[in-house]
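Next come two complexes built around chain A: one with chain B, the other with chain C.
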Partner chain A sequence: MKGIYYVLLLYFFLMLPPVANLMESVMIIHMHMQMTLFVIIGFLLAPALQKRFPRFFEEWNPNGIPGILLFVIVIFYWTLPRSMDEALNLWYIELFKFISLPFLAGVPLWDSWKKITASLKNGLISLFTLLFILMGWLYIWSPNQLCNNYLMIDQITLGWGFLLTAVCMIIYLAYSYITDFAKTV
Partner chain B sequence: MEAIKKEYWKDKANKALGISPEDARITKSYLIVAFVAILVGGLLGLLQGMNRAGILELPVWLNYYKVLTAHGLLLVVVLSAFFTIGYFYAGLSHSLGGLLPKVRKMAWIGFWMKIFGFVLAVIPILQGDASVMYTFYPPMAAAPMFYIGLVFIVLGVWMLAFGAFINVANWRKNHKGQHIPIISFFATGVFVLLFFGSLPVAIEVFYIIPWALGWIETINVMVSRTLFWAFGHTLVNIWYMTAISAWYVFVPKIIDGRRWSDLLTRIVVIALVIMNITGGFHHQIIDPGISESVKYMHVFMSLAIGFPSLMTAYAMFAVFEKTARKKGGRGLVGWYKKLPWGDVRFLAPFIAMAAFIPAGAGGIVQSTNQLNQVAHNTMWVVGHFHLTLGMTVVMTFFGVSYWLVPYVSGRVLTKEINKLGVIQTIVWTIGMVLMSGAMHWVGLLGSPRRTSYSTYFDNATALSWDPYLFFLAIGGTLLMIGVLLQVYAVFHMMFLAPKGETEFPVADVEEDATPTPMWTERWGLWIVLMLGLVSMAYVIPLVDFIVNAPPGSPPFKTW
Partner chain C sequence: MVNKKLLAYLLVAVFGIVLFYFGTDGFTAYTSEAARVNQLKEEKPLFPEVTLEDHAERVYPFSEFEGKYVFITFFYTMCGTVCPELEKNMKQVYEMLPEDVVEEDIQFLSISFDPERDTPEVLDTYREWLESDGETWRMARIPDQQELDELLDRFGVIVIPDEYGNFAHNSAFYLVDPEGRLVEVMDYQETREAAVTVMDRMEGGGEK
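Right after this comes the complex of A and B.
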């Protein structure tokens, strides 16, 4: 369990003001890299928490559905342009970002992933693919600036980032559809 | 059941009887092209070295930049790609129980496409219409035929990549629940990178061709440079991965040892495949149009690739020490005496690995923004890649040739050729250390790369380079002797050496090794992760270059 200290170190490193400011200075890095990293920190912390509070997870997340729902709601919230703006302007929303992404998105997803069925997993990926296509469309072709804090060019870049990520997820879905992993390998 | 049994016997037969003549012919052809390329390319390199030292003035019909373009293309595109393909196709054939007839056909189509493309590209180079160097950066424009040649080379590469995928997929279908044999695992990684890495350059070339033909007037220079380096950097790591595959899989066997952890070896391959392509940006540290903060974040991507390299360095020395101690080696460092220093199949790759220590350190230097300002486009960089490519990679290839060529030719490595190989290794080492050392140093003193000899009107600084450039010429001469010895050895082993059996030396894992988990085989997932990372890395600069594009540039013929 020594690894947990490295994870916490990374967690605090990412919250350091100069590091956070650098990552938040570019819209796509703010949304696609910083936020993703915080979710990943949740993944890395999850096993330790599961061990520490097994009862809690069993009671609140018996079949994985509540965890997935929580994850989806939190992530949807953070894809809104307005929530990004607020995270930059209001310190308590920023703090909420730092806490909600690991603990309300990363940890529940980790805990739920092994409990849900394969079709629900693929359904979830499909849902996010759709969301990402929609967000891509919105950010690329919106005639207006959606965030006060970012320029149009940042917005268009983020839109393409969404579309490309959606393409990757489609490739993944196709891959898991064609090669039934458990059987071929 | 029947099928499995038959497969099993085929595997056994293959291992006992060696490679089938059809598969051997493929590898032999690729190797012949590779070594002819080094012969011609080396000669051109010597001309350049002589010119840079001020010893030789090149005639008008053979100007410096023409020679440099051919040298770069022959060694970077021909030698390394042909060797890599010949080598991995032998590995696929050996470890998967022979190539499928369909795949064999694809290998030949790919071979001729590559040759045809290369001929198309060389004609304008010889005519002096394509002195654009192997990087062919717009707005310098070559004759359209040059680019059409490149298209065929890329198509040929794709043919071979898909051939390899088909063969591996077929094997997996017949061997459910098994791991891809380690050498084929490396081959899969290399061909995945070859395919995905050559996509950006294919896009670039399809964008350049209408511009070179005059159908479109201007080109976006930054977009094309970025696409080029997404490919160029990947290519570098393809060579590197080819070289380390020999270190991980074959070198342990040659010293009578065991392979390092199978799981960690596979993780190194996966990490290299996922993280590679984005490294392209470290070739653009001085380029305009990319913001400082984006460049800064890319430093992390480049240095991340250093991590599997460090794992490799550790693994190799662990294998050496373990093997030597088993043979009775003692002391903190005394065990090194137990290694087979007189065996060229070990000596050459060992020196190659040792060369990677300064070479890798130089690479880290160059990835650093401030230091890159000093080294960029100077002879330092040329010194760097002669150390990495000309020493680490090429010497590994040389070492491999001493068993691969006899293996595919049904001959053996004789004592005399082994001795010749040891001499060759020493000559090459001294030559490359002299040449690349001089290049590094003179680069720090400001001597530019890709520039034929000039004293800049007897400028004092430029004159101070001369002694170093002289060393460069001496090193280059030694290297040319090395090339001749090596090419002689290869052709001797292929056509004249005594007939006999040579083993394909795949090392085994340790007896008490823990089994490798099956998730390492999820190639689709690795590819998706790679694509995701590439999208993230490229979307910022590319959108910026395209949306905020400057007017664009018409073609220029600067020579």
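Right after this comes the complex of A and C.
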């Protein structure tokens, strides 16, 4: 269980103001790298938490659905253009980002993923594919600047990042469909 | 067991609603630009005392326009994207208002936030391009950077310089009342709506 200290170290390192400011200075790194890293920190902390509080997860998240819902809500919140702006302008929103992404998105997803059915998993990936296509479309082709703190070109870059991620998820869905199909034949 | 599961659903749902409610000011503002406009309309900030220098090299304080409504946009002449559209739309609003109103009751003012490059001569060229008369619609810069920053800050105009000498900035129509208070922030793409809002304001003499 020594690994947990490295995870915590990474967690605190990412929260250091100079590190956080640097990552937030580029929009696409802010959203697709910093935020993703915080969710991954949640994944890495989850096994230790499950071991420590096994009953909590069994009682509150028996079938994985509440955890998935919580994950979806938190991620949807952080895709609002406004949330990103406010994380830069207001310290308490920034703090909420540091706490919510690992503990209200990463940990519940880790705990839920093994409990939910394969079709729900694919449904979830499809939902995020749709969301990312929508966000990509919004950031690339919206006539107005959505975020006040970033340049237009940063927003367009982010839009393409969203679309690329959506394409990856579509490839994954197609791949899993084909391999499943091959197994049953 | 069952109860806790139900409670978990409930808690997550309540959390979601509360989060989105506060995150979007009660489902009204999904971008910080919308939130900014809502907040400005509520606060009605006072136009700070600044010194303007216009396209004809006239220098005067903003209080010159006291007693009149002032229709304002923020722009810079080197801008190739939004500003020409913003100023062209401002011209449309100008043309939609009745002539006597434009001459007596309202002043049109385009303020540059790039005082270094936008000298009176440059502003005058821009004025010519827009075919403004230079009286009822003036182009001006605020030579004192500190005064300019104070104004931009108070009116929530965010200007970010990029590495190519351009600026990223948010755009809107601003209406200041005869006492110098910001009373309307309008969508610069809806010119007809803006003209109607301005007329309503002036006829109502205050609240809509």
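Here is the rule we go by: the second predicted complex is superposed on the first by the 180 of 185 C-alpha atoms of A that agree within 3 Å, B and C clash if a C-alpha of one lies under 4 Å from a C-alpha of the other, contacts with A are read in each partner's own complex, and residues count from 1 in each chain.
Keep in mind that, in the parts below, contacts are C-beta pairs under 8 Å (C-beta built on N, C-alpha and C of every residue); 3 or more make two chains touch, one makes a residue touch a chain.
Just so it is clear, the structure is predicted and the values come from calculations on it, not from any experiment.
Superposition note: with chain A as the common reference, chain B and chain C can be accommodated side by side. Vertex at chain A: the C-alpha centres of chain B and chain C lie 110° apart in angle, rounded to steps of 10.
Contacts of A:Cys168 after superposition: chain B is touched, whereas chain C is not reached.
In the superposition on chain A, A:Pro62 contacts chain C only, with no contact to chain B. When the two complexes are overlaid on their common chain A, residue A:Val26 makes contact with chain B while staying clear of chain C.
Judged by the touch definition given at the top, the superposed model places A:Ile156 against chain B, while chain C stays out of reach.
In the superposition on chain A, A:Leu14 makes contact with neither chain B nor chain C.
Of the two partner chains, chain C is the only one that A:Leu80 touches; chain B does not reach it. Contacts of A:Ser176 after superposition on the shared chain: chain B is touched, whereas chain C is not. No C-alpha atom of chain B lies closer than 10 Å to one of chain C in the superposed arrangement.
Looking at chain A, you'll find residues 153 touch chain B in one structure and chain C in the other.
The residues of chain C lying in touch with chain A in their complex are 1, 4-5, 7-9, 11-13, 15-16, 19-20, 23-24, 29-36, 81, 158, 160, 162, 168, 170, 189.
Within the complex formed with chain B, the chain A residues making contact are 22, 25-26, 28-29, 32-33, 153, 156-157, 160-161, 164-165, 167-169, 171-172, 175-176, 179, 181, 183-185. For chain B in complex with chain A, the touching residues are 172-173, 176-177, 293-294, 296-297, 518, 521-522, 524-525, 527-528, 531-532, 535-536, 539-540, 543-544, 547-548.
Within the complex formed with chain C, the chain A residues making contact are 59-63, 65-66, 69-70, 73-74, 77, 80-83, 85-86, 89, 143-153.
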